[in-house]
Amino acid sequence: MNDIQLSVEGVSKRFGGVVANDKITLNVPRGRIVGLIGPNGSGKTTLFNSIVGYHPIDEGSIRFEEHEISRKRVVEIARLGMIRTFQQTHIYGKMTCMENMKVSVPRNGAGVARMFARFSPDVVEKSESLLEFVGLYPKRYLLAGDLSFGQQKLLEFAMALMNEPKMLLLDEPTAGINPTLINGLMERLQRANADLGITLFVIEHNMRVIMNLAETIYCLAHGELLSFGTPEEIQQDQTVIDAYLGAH
Amino acid sequence: MHRNMKITFLLFAMVAAFGLILAGPAWAKVEGDMITFGAAVSFTGKYSTNGKHTKNGYDLAVKRLNEMGGVEVAGKHYKIEVKYYDDESTPARAGQLADRLIKQDGIKFILGPYGSGPTKGMAPITEKYQVPMVEANGASRALFNKGYRYLFAVLTTSEQYLTASVDLLAEQYLAAGKDPQDAKIAVAVENDPFSMDIRAGILDDAQTHGMRVVIDDKLPKELTDMTVTLTKVKALKPDLLVVSGHSKGAALAVRQTAQMKVDVDMLAITHCEAADVKGKFGADAEYTLCATQWAPTMSYKDEWFGSAGDYAKRFEEEYGYVPPYQAAESSAAVLVYVNAIQRAGSFDKEKVRDAIAATDMETFYGRVDFDDTGKNIAKPMVLRQIQNGEYVPVAPSQFAAEKVIYPRPKWKDR
Amino acid sequence: MNGNSRRILLYGGIGVLALAAPWLMTAYRTQLAFLWVMILLALTWDLVGGQMGYASFGNIVFFGVGMYSTAVIQRNLHYGLEEYAHVAGRVESLSSGEYLTGLGLGMAVGAVAAVVIALILGICILAMGMRGPYFGICTLGLGVAAGEIASGWEYVGAGSGMVTPVFPEGLGERAIFFYFIFFFLTVVTFITLRRLYAGRFGLVINAIRDDEDKAEAMGIRTTRYKITAWCVSAFFLSLTGGAAGHLIGFIDPTEVAFAGPTFGVWMILMAILGGKGTLWGPVIGAVIFHVTQEVFWTYLFGWQRVALGAFIVAIVVFFPQGLMGWAQDRWPERFGHWVEEKALADTPGGEGA
Amino acid sequence: MDNLQILFAAPVFSLQLLIDGILIGAVFALAAYGMALVWGVMKIINFAQGEFVILGGFLLYALKEAGLHPFLGVPVAAAALFVIGWVIYRIAIVRVIEKDLFISILATFGIAILLQQLMNQVFGADVQTVEAGLGTWFLMDGQVTVLQIKVVSFFIAMVLGVILALFLKKTRLGQAIRATAQHYRAAQILGVDTDRVYAITFALNAAICGAAGALVSMIWVIQPFMGLAYTIRSFMIVIVAGLGNVIGVALAGLGLGAAENFAGFILGAEFQAAFIFSLLVVILLWRNFRLSLKREYLE
């Protein structure tokens, strides 16, 4: 693994007495799709939150490209090109889908002039094409809050793409989505990875999805890194199977 | 888009409709045989007690004048009435209402509101429209250095309210063979235009006597507690404690000095009568010095009400309580106004204004003679002390019925 | 009719009506001038409270700052402090030129002062990430504290307040003069806000309102936008306050300038009544509120504040989304919220945004 | 800073300020406790808190005028406020209960104006007081005075606080209230009638305020427009102490009372209110600063 885009080294995070992450070390190579699995409460989302700067970590180091980001704030990390989506959707409910898209342009408000600028036709065009890409084009003038949960997830995904990220951290992208839509979503994730060159780092519970999607999978349990490897390796790893069956 | 437009037009239609409702009855200053005065008085808000006194004062004078045949102008007799609005005890409202009285209701003769704040709000408006305002309850001296031509006050301005107490203290010091420069004064006044002027007067007067002001607290408008200031009084032991804060300040000062057993040789306050400190606190209010513009015991007389005492009797019959000076001065304002209109022999604003400016008359409330800034310089303030449950005039000397009891007996000796 | 001609008709109609109003209702000129003040209060509050979702209870601070700055500048230009405050000092009336200079310079200084204060407060409060009810209460505390400090500060007259100079001869009628000052100010504010809401700025502050965490996670520097929005609001509110002090004529620290329980709350109510977070909502709300208040005042003598209290409760409890909000729920497609590509490239109305 | 020197020169006055501050702080704490209850259980910041207090005072005044002994009037005033609180809940509060906090703040603010103005119409704008007929104790050679009524109020406030805490801990209803505060949906599932709990909580708060107001009317003076000061103080105490912490609320109340007295003494009475409100801002900023260090937000 010569081109590591994100490297997490010995990261620990405690909440009061509870150890949510204990000396986690993992790497995400550029341009790949990496999965993160683990039973409920194993510290996956905490790790995501630590990476994107939602709370400070107690020890360890997180590097994204050439930057040490463990002490940076959410905004600054996002501006380096690392965007995350949420388990529960976070969209701007009282704005239309188009507005949700337009406001997601990268490096928003770099200068005073840009702050007050209007949106160029390119932005509108790109918003429309990305909405088209996730299949929300006909609903582009609806309030985002009026979309169904699954549609909101798609919108959130489109917004993330709009931001032209280098890496996307997806927190359970398929949770709550109609099973018939899952294949479509997976295909879009793969296309984003292949066509746009976006690295994907995905938390997923749906084993079928993650095994088909990811090239490398890390498995957490009880805040510790249990195992990692290709999907095949993980599927045969006894410790992982035990963790999921609760035999710990 | 066009939905917005419809809504907007609908709204403008509503505004127009409301406008028509508002436009409703239009008062003219003189209609038939009726002269309408306009007044914005506090019916609600923190001044509403005194606002009520003000209104009662106006109403009693109007009633009396109408009983006596109204006003004769250029050979014709007119009745009078007052159109009231509620200024909610705020200057901003008072200003708007002055505008409303003059512009919408077409009133040309304005009577003042209660309180210096609201008066300050109204004066710029009456001035702009050149409508004379005779007011009875805006005592702040700052009203009279702004060059207003149309503002007249029948009352003594507030910086003089309690200066008599400072002079009294100086006299007592001299009588005892002490140097007044050793005297110490504590001032605690509410932070509003009226009381701040009382403070200014005291500070000036203290300076002329060379006395030291050891406490100078401005009490908040939401005053509920004077413990802190009174603790300071205990610590610094001034000879004179001056408190002013409308009715609330009077009640608190009397109650809390008694509760905390604060011994000062002299306690001087305003609004004794309005707060009814005598009735509410009885013996605790003894020996308090009260500033008053007027008292029923005074010897003034006029053709409308007779003596000051007669006025008080009439007022009490009508409203069921002894008139505080706020009511008396309000009645006097009406008398002055009407007298000026009669002398002007015209309803012309300018002529009436000049007639008011030329006023020099005696009323039950005292003599009224305006200087060229519009304040009444002919009537002094009186200082009364509560002695044996009665208000007894003690200063200035021409009104004094008794000698002042000085120093106040210590609480432990009472 | 296409969108453009409708818009021209709408704005043209309002413009003509507004220009003619002082002569259509001559007796109500001052009330009409106050109507613009109310609209300005609601519009500037809505920028922060509605569009950005930061319910400020202390915007009145900027109103008061503008008012006092203007009055102090005017005083210092033409009289000494001594002369003004002392009973022996005689304040002469000003010439038109002096009056205008003082007013204009004062308003400008006031606006700058307000922006500086907003910037400092913004760095202390907004940059720290204070949100929700805590932000509301914190700003409330600021508003009241500002009033209390002004009440204790002798340089600005303490509790005695300040009296603005008598309106000079030669500037026409006072009410008309102020009517057009406020009309002009409202137009400028409205156009500025409309422009701001139509672009990136508007969308970002809307995004902050809807989900600030998301906005940050998307790399939007929310703090900058929040502080800028507050400064813009402070700027226009301060100008309003500067002129309003002269319209009212007397500046009382807690009852006129930092009048939290009246102007301070009304600005919020008006925005809510019309529909907060919309461009037209505050305007409509202000018109209805002002007129209603006038009616209460005239017909509910002594009980008008009781009625006002009940009115406030009724608005907030039964009508929290406001007129525009209600209309948007009722006719979403009229506000550009529709499915399918049936209509053309008509951009979704700025008003709906 | 002359005033500060007085305190150093004669520390006995510090004692006076301290004792007085603590005694009055107990009354603030009482009202604050009600606010914490409503806030914690119903997620509503009641801006009419001060008006409830003043209303309690006026009711006591009316009862006194009708010939009742002031101390007997305290429970009656509290009971009356309980009913009024219940009615207000049914009419207005019930409709804002699950809306955002901003809406409830404004709604209760409207109620505050309404109550203020109604009191003005019914009782007049006069300053009123109720004489409990108690005297004064002298300490330190008469330099320090302690009003007996303040001491009595202090104990009444404290006892009420303890009763309330016990009520919440021990009774079934109290447990239901606490359960609702923790998680109203869970409480609903467990068969708690949350609507009734809300109504009782709000009415109880009004009753507590009524009692506090009755005490206020005996200690100081009351006027229809004096409510805001009590609302703000309650709020500050709750912010400092946190929700659902009886002892914290009591201590914060006493501390605030003392701080206020010292501020008034040292800075002058004109800056006493400015001090309280500035303190509020500073406390909020400080709290927020601590949280922002953890990159977490107040919510």
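A few remarks follow.
Lettered A, B, C and D in written order, each chain numbered from 1.
Convention: a contact is a pair of C-beta atoms (placed from the backbone, for glycine too) under 8 Å apart; a residue touches a chain by one contact, two chains touch by 3 or more.
Since the structure is predicted, the reported quantities are computational estimates derived from the model, not experimental observations.
Minimum number of contact steps separating subunit A from subunit C: 1. Distance from per-chain Cα centroids to the pooled protein Cα centroid is smallest for C. Chain centres here are Cα means. That of subunit B falls 35 Å from that of subunit C. Computed centre separation for the pair subunit C/subunit D is 33 angstrom, with centres defined by C-alpha atoms. Each chain gets a centre from the mean of its Cα atoms; for subunit A and subunit B, those two points are 72 Å apart. Looking at subunit C, one finds that residues 148, 151-152, 158-159, 302, 305 touch two or more other chains.
Listed for subunit B are residues 44, 191, 218, 220, each touching two or more other chains.
Within subunit D, the positions touching two or more other chains are listed as 117, 120-121, 228, 268, 270, 273.
Put simply, subunit D touches subunit C in their complex at residues 45, 92, 95-96, 99, 101-103, 105-107, 109-118, 120-121, 228, 232, 235, 239, 268, 270-271, 273-274, 277-278, 280-281, 284-285, 287-289, 291-292, 297-299.
Listing the residues of subunit D that touch subunit B in their complex gives 3, 6, 10, 13, 16-17, 20, 24, 117, 120-121, 124-127, 129, 136, 138, 142-143, 145, 147, 216, 220-221, 223, 225-226, 228-229, 261, 264-265, 268-270, 272-273. Across the complex, subunit B is touched by residues 1, 3, 6-7, 9-10, 13-14, 17, 25-31, 34, 85-93, 148, 151-152, 158-161, 163-164, 166-167, 174-175, 248-250, 252, 254-256, 259, 262, 280, 284, 287-288, 291-292, 294-295, 297-298, 301-302, 304-305, 323-324, 327, 331, 334-335, 349, 351 of subunit C.
Residue ranges on subunit A touching subunit C, taken from their complex, read 52, 74-75, 78-79, 83-84, 86, 90-96, 98-100, 102-109, 114-119, 137-139, 141-143, 146, 159-160, 163.
Per the touch definition, subunit B reaches subunit C in the complex via residues 1-5, 7-9, 11-12, 14-15, 18-19, 21-24, 26, 43-44, 84-86, 88, 90-92, 95-96, 99-100, 103-104, 117, 120-121, 123-125, 127-128, 140-142, 144-148, 157, 159, 190-193, 195-197, 200, 218, 220-221.
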